[in-house]
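All chains are identified by letter, namely A, B, C, D, E and F, in their written order; residue positions are counted from 1 within each chain.
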Amino acid sequence: MRPSAREANELRPVTIERHYTMHAEGSVLISCGNTKVLCNASIEDRLPGWLRGSKQGWVTAEYGMLPRSTNSRMGREAARGKQGGRTLEIQRLIARSLRAVVDLKALGERVITVDCDVIQADGGTRTASITGAYVAMYDAIDSLVKDGTLKHNPIHGQVAAVSVGIFKNQAVLDLDYPEDSNAETDMNIVMNDGGHFIEVQGTAEGHAFRRDELNELLDLGESGIRQLIDHQNQALAK
Amino acid sequence: MRPSAREANELRPVTIERHYTMHAEGSVLISCGNTKVLCNASIEDRLPGWLRGSKQGWVTAEYGMLPRSTNSRMGREAARGKQGGRTLEIQRLIARSLRAVVDLKALGERVITVDCDVIQADGGTRTASITGAYVAMYDAIDSLVKDGTLKHNPIHGQVAAVSVGIFKNQAVLDLDYPEDSNAETDMNIVMNDGGHFIEVQGTAEGHAFRRDELNELLDLGESGIRQLIDHQNQALAK
Amino acid sequence: MRPSAREANELRPVTIERHYTMHAEGSVLISCGNTKVLCNASIEDRLPGWLRGSKQGWVTAEYGMLPRSTNSRMGREAARGKQGGRTLEIQRLIARSLRAVVDLKALGERVITVDCDVIQADGGTRTASITGAYVAMYDAIDSLVKDGTLKHNPIHGQVAAVSVGIFKNQAVLDLDYPEDSNAETDMNIVMNDGGHFIEVQGTAEGHAFRRDELNELLDLGESGIRQLIDHQNQALAK
Amino acid sequence: MRPSAREANELRPVTIERHYTMHAEGSVLISCGNTKVLCNASIEDRLPGWLRGSKQGWVTAEYGMLPRSTNSRMGREAARGKQGGRTLEIQRLIARSLRAVVDLKALGERVITVDCDVIQADGGTRTASITGAYVAMYDAIDSLVKDGTLKHNPIHGQVAAVSVGIFKNQAVLDLDYPEDSNAETDMNIVMNDGGHFIEVQGTAEGHAFRRDELNELLDLGESGIRQLIDHQNQALAK
Amino acid sequence: MRPSAREANELRPVTIERHYTMHAEGSVLISCGNTKVLCNASIEDRLPGWLRGSKQGWVTAEYGMLPRSTNSRMGREAARGKQGGRTLEIQRLIARSLRAVVDLKALGERVITVDCDVIQADGGTRTASITGAYVAMYDAIDSLVKDGTLKHNPIHGQVAAVSVGIFKNQAVLDLDYPEDSNAETDMNIVMNDGGHFIEVQGTAEGHAFRRDELNELLDLGESGIRQLIDHQNQALAK
Amino acid sequence: MRPSAREANELRPVTIERHYTMHAEGSVLISCGNTKVLCNASIEDRLPGWLRGSKQGWVTAEYGMLPRSTNSRMGREAARGKQGGRTLEIQRLIARSLRAVVDLKALGERVITVDCDVIQADGGTRTASITGAYVAMYDAIDSLVKDGTLKHNPIHGQVAAVSVGIFKNQAVLDLDYPEDSNAETDMNIVMNDGGHFIEVQGTAEGHAFRRDELNELLDLGESGIRQLIDHQNQALAK
């Protein structure tokens, strides 16, 4: 029995609110149960130095948790003077996932930065960030298509992410914090709308996991991501 | 004529939502027009080193702007590795304002930290932070009274803040960004519910201001703060 | 009775020594009683990146305290790896005050930086810095007029600053450290030679202050600044 | 055809030299082809603050690349003032992998730190680090068993790691740099001697990968790790 | 002919003002020609962590240059966020030189920190710092003897320093900036009142120097330091 | 009797392995007894900003110790976020020593960086670094001569370094760690192949040293450096 009484293959309720803030070219508040992440996509016309003259664009991401998004207050990274390893690891993952579905040459010489700021955390913040960031990025890039800056949309696929894990010897989908902090294995899966993998990251927190367990987790992840892609499409259809 | 078509002495619409996030002991989303600040108050039982053995508590604050809370994206302070001068100045102001209404000895050996994170900015973020932070701090401290940790509430006053300024030669209340960025004089006023001043900070951005202009601004500020204190009381009465 | 036996409206003895060090284009040691600040104004021909191509100049300031300018030794900010919030707040104030009397377009594409380094502290270091920095900046800019680089002096006003406060229920002018550390209200006032306000920053350290107390403080401040402007003029006349 | 003319399932030559430096309790130079990593395991008797009183030990790792371990010189992280995201990500991976085979309670109140410094890089530095770090950690802990400090060896499994990837549409084992920098999919696999997974991290660098490709990569990885575990055992038998 | 028209073996005029600032236990302004350094010695009763329980004290030093102590303005180290290599090297040298004449056990569990801040630079700031710092340290420690805290003075020698160098093929004493910036060899010599060496640091800036040149420089240095020790004694006798 | 049973004027066994790693233009592992330093020389075609347009090149050096190169583990400088004073001091010394034998104009607009990383430390790491760095720099620059980039070799001398000191009242050559940590005087000497001095740095760790002791140390240093230059030449002749 899961703490939330969900079925093993049951996602938490998902909501995706677009146009959440007024300044960003794409702005999405995604909620996966009690996990809430604000994803703001910004378009900037200047390139990082190492890309100048390359005739291509770039997509990047930054991730942060508000100090009291968590159960006990965490020190503010800006005050400590550096971003922790977990933060850097997560924002690199988000950025790679987004770049996997964008044609950077077709994007042109501009940078899309998606800021994923966790307002409230209850497990799965990095996967919620990816799922929400895709929608924010879509809206930002779509604004370039709509105003004629881009003739063709450089996005060539859709991306979403979910966590799976082994909790009390059972493979479960979309772990919340009580599950996540007690899971024996924790895996984050990023897939596109073609059902192919963009990123798979599995970690044994307790005992090492077997190949058949890995397969069960991948099956659960695939089913979850199909549903998340539907949620994205419903949000984008509004 | 103000860009927002408001009267010179008219506040923007104010909303104060309590219990906005689930983990913080006090959590308030305050909106002053399009300016939205999330104020989370946290209680921690350990004291900073310089207060150990002092038999008193402390109230502090931190302030941050989400990178895309503003019209063009600002670099993330955590990524740049330090908080800017404006950020430090604002969080020191918020903290002083809150401490002005709390009896630190009666609070006991604990720290209240109020994190003010700007979700969306349209001028007046520091004054909105103070007005919202008071309510978040109240809820946090009240939880200590309700659970019997504190016998008496150590809060001995109420605090709110507003900006005033001279825009196109007219004294106006509660400047939004289009006004703020063109004001000749900009003043932030922090007062308590007794109508006394906790902080007054006025800056000539254009021409130096005369004593009679200063008096007009103080009058406007007093009237605005009386209304904001009513908004706080209505929110706390719910 | 004030600890220094001064009258309520009495400044400490002021001395302003010009040409104090030999390298800076303007160099002033200002003493306000035991508070001594060295103000060095430097002219540099390169602009900060955000001003390039703007056909205007800039005036900025930096502030520091020698580690043993104070009663007990403070850690050196260079060794700690960052400037504290108080330092940043003060240097922003000094710079704004100086810019309020300079026509930046007429200054041309150059930067004036005034370094205010506290040699000995006894209260009022930020206001002494402003009063001394004006004279140092004047000498630096005047050297550009004298050597023909500038045809007209871009300084269009004079600026000085003083602290006032409520000590033992009495409004007093120009607080020294024993007063400052026990004041109920502390206010820094920056004015020009026309008697108008450039900056007003008042903080209730103890009880909140009333409107009539604020007015009394402003009166004291005005009288003090008139005297400081005389001191500046006497120094510049030598 | 692979650039190195190896078979798809062929590891590069592996050598594991123990007692490579004289001060560390465990010191191993591992070579996987031209990739050379020095792994030094240190025992320290003091615990990090958050573990004090917990009656358990800790295993951690740090990773670094010498500036000219790579084809073109990289800036020294110590000079830049911070460790990059990739570095932090890798050292977290190494540490998790080692902790997966150690009983931290049985280790007692001490810390094992394994420093993995890349002397020469040609792809696969993180997996070589894990494979070498296990042997260094074994030697360090074994010294505690041999001198009677520990009655039982707290290591309850063996761990090794290898990279696999899809290069020119073919799944290949143990990528060198020319393959790694052109791979469409890159996966790092960490397994124990029971054939179970400790960590699986797969990233689509080009096209997203299919489930059957993932399976092929996992098969290759399993076969490679079996051989690496043999290499470890041969080294430890000397 | 030296730019200053001095003889090869002639020091610049030296003045040593004691009790220069009012807070420090020892405070000295030393002038060697146009080089002026403020040396403040502070006594603190707490020890650095690594000395706790050692029943001995410590003497340390910090060095800084005011941004406009030099001909063109240098960036402030506090603003850049770190002390440069030259600064660290100099303050380590000053501290070693002072410790060479103090019995740290007899000093007891306290730290003497001597802050050497360069007010005006014209060559030889590090050697002036050492010569001045000795007097400031003497006054600070002497205050502990006078108030009975220490029964015996733990200072067992006197220390002073001077620069020598080869300028236009001639060995010269006490280089000023025009000489220093064009010297072929530059040497800093620290000696005690017994005529023995505490530190010798010679650097060929142009051609490598011969043994006989080195001997000539050492002779000059010895004669200069004898005079500086006399200056210290005269200052201390006042 | 020295702990190593060496004669007072006896160097430790020296080996210099060239082409130690495969990427660097010059790569040397130097061993002086148990002290082992990897010196990698890199050629880069871009100049630091302050040299642009100067029609000359630059030679610089960086120094680091692997965390467990020493008897007890030192914190990693990259993790602490800054290089310590000792590190900066040493790398400045190495760089000055190398520049003393290179004609920077003849080198052309490029930078040679020599990274000296201590693999194993047993005293004398800075002098071993200089001796090894010369050979690495030679190989790097020679590659520019061999491929025709440079017509003439801009190296106009040879440089090597050794430590000398007073251990148990006897002057000894090439101190190992047991001697170094107990020496009364410690001196590092850098000389060229003409027998002239490039750098002399002597420090009294215990009692101040006399002129005759200094002379004895210089004699020992000269004899050691002659041998080290022979070792360099033999290595370069292979």
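Here is the rule we go by: a contact is a pair of C-beta atoms (placed from the backbone, for glycine too) under 8 Å apart; a residue touches a chain by one contact, two chains touch by 3 or more.
Protein identities per chain, from UniProt: A, B, C, D, E, F = Ribonuclease PH.
All values reported here derive from a predicted model rather than from experimental measurement.
Student: Touching subunit E (Ribonuclease PH) and subunit F (Ribonuclease PH) alike: which chains?
Tutor: Expected: no chain.
Student: Comparing each of A-D, C-E or A-B with E-F, which pair has over half of its contact pairs in common by residue number?
Tutor: It is A-D that reproduces the contact pattern of E-F.
Student: For copies subunit C (Ribonuclease PH) and subunit E (Ribonuclease PH), work out whether under half or over half of the interface numbers are shared, and give different or same accordingly.
Tutor: Same: when the shared numbers are divided by all numbers used, the fraction is over half.
Student: Going by average Cα coordinates, which chain is farthest removed from subunit C (Ribonuclease PH)?
Tutor: Chain centre farthest from subunit C (Ribonuclease PH)'s centre: D.
Student: For subunit B (Ribonuclease PH) and subunit F (Ribonuclease PH), let me know how many angstrom lie between their CA-based centres, rounded off.
Tutor: Spacing between the chain centres: roughly 59 Å.
Student: How many angstrom lie between the centres of subunit A (Ribonuclease PH) and subunit F (Ribonuclease PH), each centre taken as the mean Cα position?
Tutor: Chain centroid spacing, subunit A (Ribonuclease PH) to subunit F (Ribonuclease PH), equals 50 Å.
Student: Centroid from C-alpha atoms only, then distance subunit B (Ribonuclease PH) to subunit C (Ribonuclease PH), rounded to Å. What do you get?
Tutor: 28
Student: If I count partner chains per residue in subunit D (Ribonuclease PH), which residues reach a count of at least 2?
Tutor: 81-82, in rising order.
Student: If every chain is a node and every touching pair an edge, decide which shape results: line, ring, star, complete or other.
Tutor: Topology of the interface graph: a ring, with each chain touching two neighbours.
Student: Write down the ring's chain sequence, where subunit A (Ribonuclease PH) leads and subunit D (Ribonuclease PH) follows directly.
Tutor: Loop order (subunit A (Ribonuclease PH) start, subunit D (Ribonuclease PH) next): A, D, F, E, C, B.
Student: How about subunit C (Ribonuclease PH): which of its residues touch subunit E (Ribonuclease PH) in the complex?
Tutor: Residues 21-24, 27, 34, 36, 38, 40, 42, 44, 62, 64, 66-73, 76-79, 81-83, 87, 113, 115, 117, 119-121.
Student: So in the complex, the part of subunit D (Ribonuclease PH) that touches subunit A (Ribonuclease PH) is made up of which residues?
Tutor: So the residues of subunit D (Ribonuclease PH) touching subunit A (Ribonuclease PH) come out as 82, 84-86, 88-89, 91-92, 96, 100, 157, 187, 191-192, 194, 196-204, 207-211, 214, 218.
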